[in-house]
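Letters A, B and C name the chains as they come in the text, with residue numbers starting at 1 for each one.
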Amino acid sequence: MTNSNAISSVNIKLENIKKTYNGKAAVDNVSLEVKPGEMVSLLGPSGCGKTTTLRAVAGFEIPDSGRVFIGDQDVTKVAAEQRRVGMVFQSYALFPNLSVAGNIAFGLRVAGWEAAKLKARVSELLEVVGLHGFDRRSVLTLSGGQRQRVALARALAPNPRVLLLDEPLSALDAKIRAELRTELRRLQLDLGITTLLVTHDQEEAMSMSDRVVVMNQGRIEQLGTPRDLYATPASPFVAAFVGAMNLMPAEALGNSSFRVSGQKVNIPNLENKSGRLGVRPEVIELMPLEPGQTAPLQAVIELVTYLGADQQVILKVGSDTWVARVENDQIFARGQHVALEIPSNAWLWLPI
Amino acid sequence: MFEIMPGILLVVSAFTNKFGFTLEHMQEATKPLFLKALLNSINLSWFTALEGGILGTITAGAIWSSKNPSLKRFATAISGVSANFAGVPLAFAFVVILGSSGIVNLILERFGIEGIDIYRRQNLHWVYLYFQWPLMTVLMLPAFNAIQREWIEAARGLGSSSLGFWLKVGIPVLLPTLLGSMILLFANSFGAYATVYALSQGSINLLPTQIGFQVSGQVGYNPGAAAALSVMMAITLLLSLALYRFSRRWAAQLEGAK
Amino acid sequence: MTFLRRGIIGLLLAYLLLPILMTLVYSLSSSWTELIPKAFSLEAWSNLFSDPKFWADGGRSLILAFSAVALSIFFLVPTLFAITLYAPKLSSALEFFSLWPFVFPGVIMAVGLIKIFSTPPLAISGTPWLLIPAVTVVVMPYAYRAVANAFESSDVRQLAEAARSLGASDLQILAWVIFPTVLPGVLSGGVLALSAAFGEFSLAQLLVGSSWETLPYYQYLTNSQDGHKSAAISVLAFAIAWGLGSFALGLRSSDNLKDAVTVA
């Protein structure tokens, strides 16, 4: 990227946004600041309020209360067409009657750009999104990935102050999705444009953004860097939603020991309170047990799934089902008895 | 605006005269001649709805199950065009084939069969069938298309015969659309004016032609009675429309389940 | 099964096509009182085409049809746009309105309209200024289904939002994005409405009659005078309906033929 496109980044600030539909709060008192040049993801299951929050920034939803700022400007009551935000939709929303170039030029035409400047800008953007030579193509002839590139170019063309991405990759095939994910992030970093991304895919949120906002039932459950969220989820919801996690009720027995899945484990570095214990599948190690041998935490293998890079083992621990991801070098059989080895600092304590 | 205003005015003028509220138009409208017209209209309408409904459903089923795509397209297209083709040209085409020296009648008579006199009310349904049959066909096609072939295969897989499938699944799924479409056919025939008027110059006593007479003043000029008759007709049609909307909702529920 | 299937479809096609074919033959014959026409002539057709009244009435029918369809489209597209965007709850009300002409067919509407417009200050009864709006309303449902389908299938909301986030005003969105997007639907609906408006008889007869004669009325008058000429008009009308109809059907995907008819 050349610096001619460098955007003077501004921040996005939401203050106590509330939005109610039919008496049910879709967004319940959400406050959030996206720093200039930062990429932040809104992550959560459908109906969690993430899209409504994004649309409040775009101007398609007017919050019942609270304020929205873009840069220093209070845009709460500014019409969508005057906010100068770039928006990309899950369904691309390309204008079917216009060519690729016509779509990209749309915002420039509306803004009254002169023909020569407009043409130059369009070809510059075609270059940026890797669609050189596609100008005259009808958007209907493009693949999903190509369409989304056009949509991105169209959103960026009029030099928006911020970029809003609403599930931009969800309609694409897994392979294209992974490709475009990297590309989108690289482009965002190059341009330095403040970006808000809505997604239900935790992998997408983790891999693309500086910070992730996990939302549930209209509220922010946790806000942090991808590393923070994974290592120290603040709630069982976040723990289960971000990555995979074995999450079991645990009873504190005193002396740093807990009863979990019917077995007694000793975890010295956790506060000894009843609640839930979580452990990520990849920290579990399995050791075969000889007949008659016992271990502090043991399980019976129910199912082994080979995944290429590693294998997934479904375990019966007491009456609970656990999942472990272990390396390929060990061969396990159904019904085999194994000991579970978990480093004591890998356990997470969470409230009920 | 253009829809509601005449409607309101119609109701108002059906119940008022120079002096105010009156039932005289309603009384006028319930004269034997007009009541006969209403009865004739209802008879003709349900008969053509039933006739067109049955034929159209079978035809739609045949088109649906046909494996010849160009026949499918052609039959559907021709039905779509003909369903909307009513009026003066249609009336005359039937005069040509079934009129007093109509071609089909000539042929029938040659074989010693009595011809069909299209100017008689009892034979009017042949003309109506021209638009009712294809209308039913195009109305039923989407309902047939909503029946997924996998359903039949699933039913077969579960040991049900083809007939069993139609009795237990096919017909219940089609039923709301079938009834709704027949109601629509009824309304379509009930309101049809141009065809029958052009055919008979009004010598056939039906509700729409009577209304036409009362306003155009060829036989009797009585706008009040026309308004009252129109209200009667509109109520019948409104009822059919309400039934039709109900059947659509019912069908949507069934289709939503697929 | 196959035999039955072909049989019923063939029967329908015969029922729909034979009357037209026979009428065509009749229009080309000079006398047909036996099983086979005695003589053929183009007299009926040349009579028809040399009658200045035919051209005048045809012209009026064209004016009527095109202006009624244009009016209904210019009413429908912005209304559907506004409803889709700002009041989706009203869409079922609009759909109900589009069925309104079923409740108030031409005959009934004429009664109401004559009432309103035959006395000053609105004495436009008997003029095209009354006929055109009335026909507009009657043919609206023909256009409505196709246009509404185009709105439903093209995700107008999202397109409008995309355009809006790029700075476009409502008017720009309507003219530059929505109208071109729904154009195929508008065309196919418009063509069906055109066909209906062109053949509209009840309103033409009852509202204006001979004071502003259109083609269906012309044929109605011809019926009793010259059967062969009338047959020629019938064939012409079929041909027009056919041409317009197949054009309209060609504009949309073959699986969605349901809106070929007027109903929702």
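FYI, a contact is a pair of C-beta atoms (placed from the backbone, for glycine too) under 8 Å apart; a residue touches a chain by one contact, two chains touch by 3 or more.
As the structure is a prediction and not an experimental result, all values here were calculated from the model.
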Pair of chains whose C-beta contact count is the highest in the structure: B-C
Chain occupying the most central position, where position means C-alpha average: C
Euclidean distance of C-alpha centroids - chain A vs chain C, Å: 53
Separation of mean Cα positions, chain C and chain B [Å, integer]: 18
Euclidean distance of C-alpha centroids - chain A vs chain B, Å: 57
Contacts with two or more other chains, residues of chain B listed in rising order: none
Chain C contact footprint on chain B (complex, rising order): 2-3, 5-7, 9-10, 13, 55, 58-59, 62-63, 65-66, 71, 73-97, 101, 103-104, 106-107, 110, 129-130, 133-135, 137-139, 141-142, 145, 184, 187-188, 191-194, 197-198, 201, 208, 211-212, 214-216, 223, 226-227, 230, 233-234, 237-238, 241, 245, 248
In the complex, chain A residues that touch chain C: 58-60, 80-87, 89, 91, 93-98, 106-107, 110-111, 151, 154-155, 158, 164
Chain C to chain B touching residues, read off their complex: 1, 4-6, 8-9, 12-13, 15-20, 22-23, 26, 32-35, 96-97, 99-116, 133-134, 136-137, 142, 192, 195-196, 199-202, 205-206, 209, 216, 219-220, 223-224, 227, 230-231, 233-234, 236-238, 241-242, 245-246, 249, 254-255, 257-258, 260-264
Residues of chain C touching chain A in the complex: 154-155, 158-159, 161-169, 172, 176-177, 180-181, 183
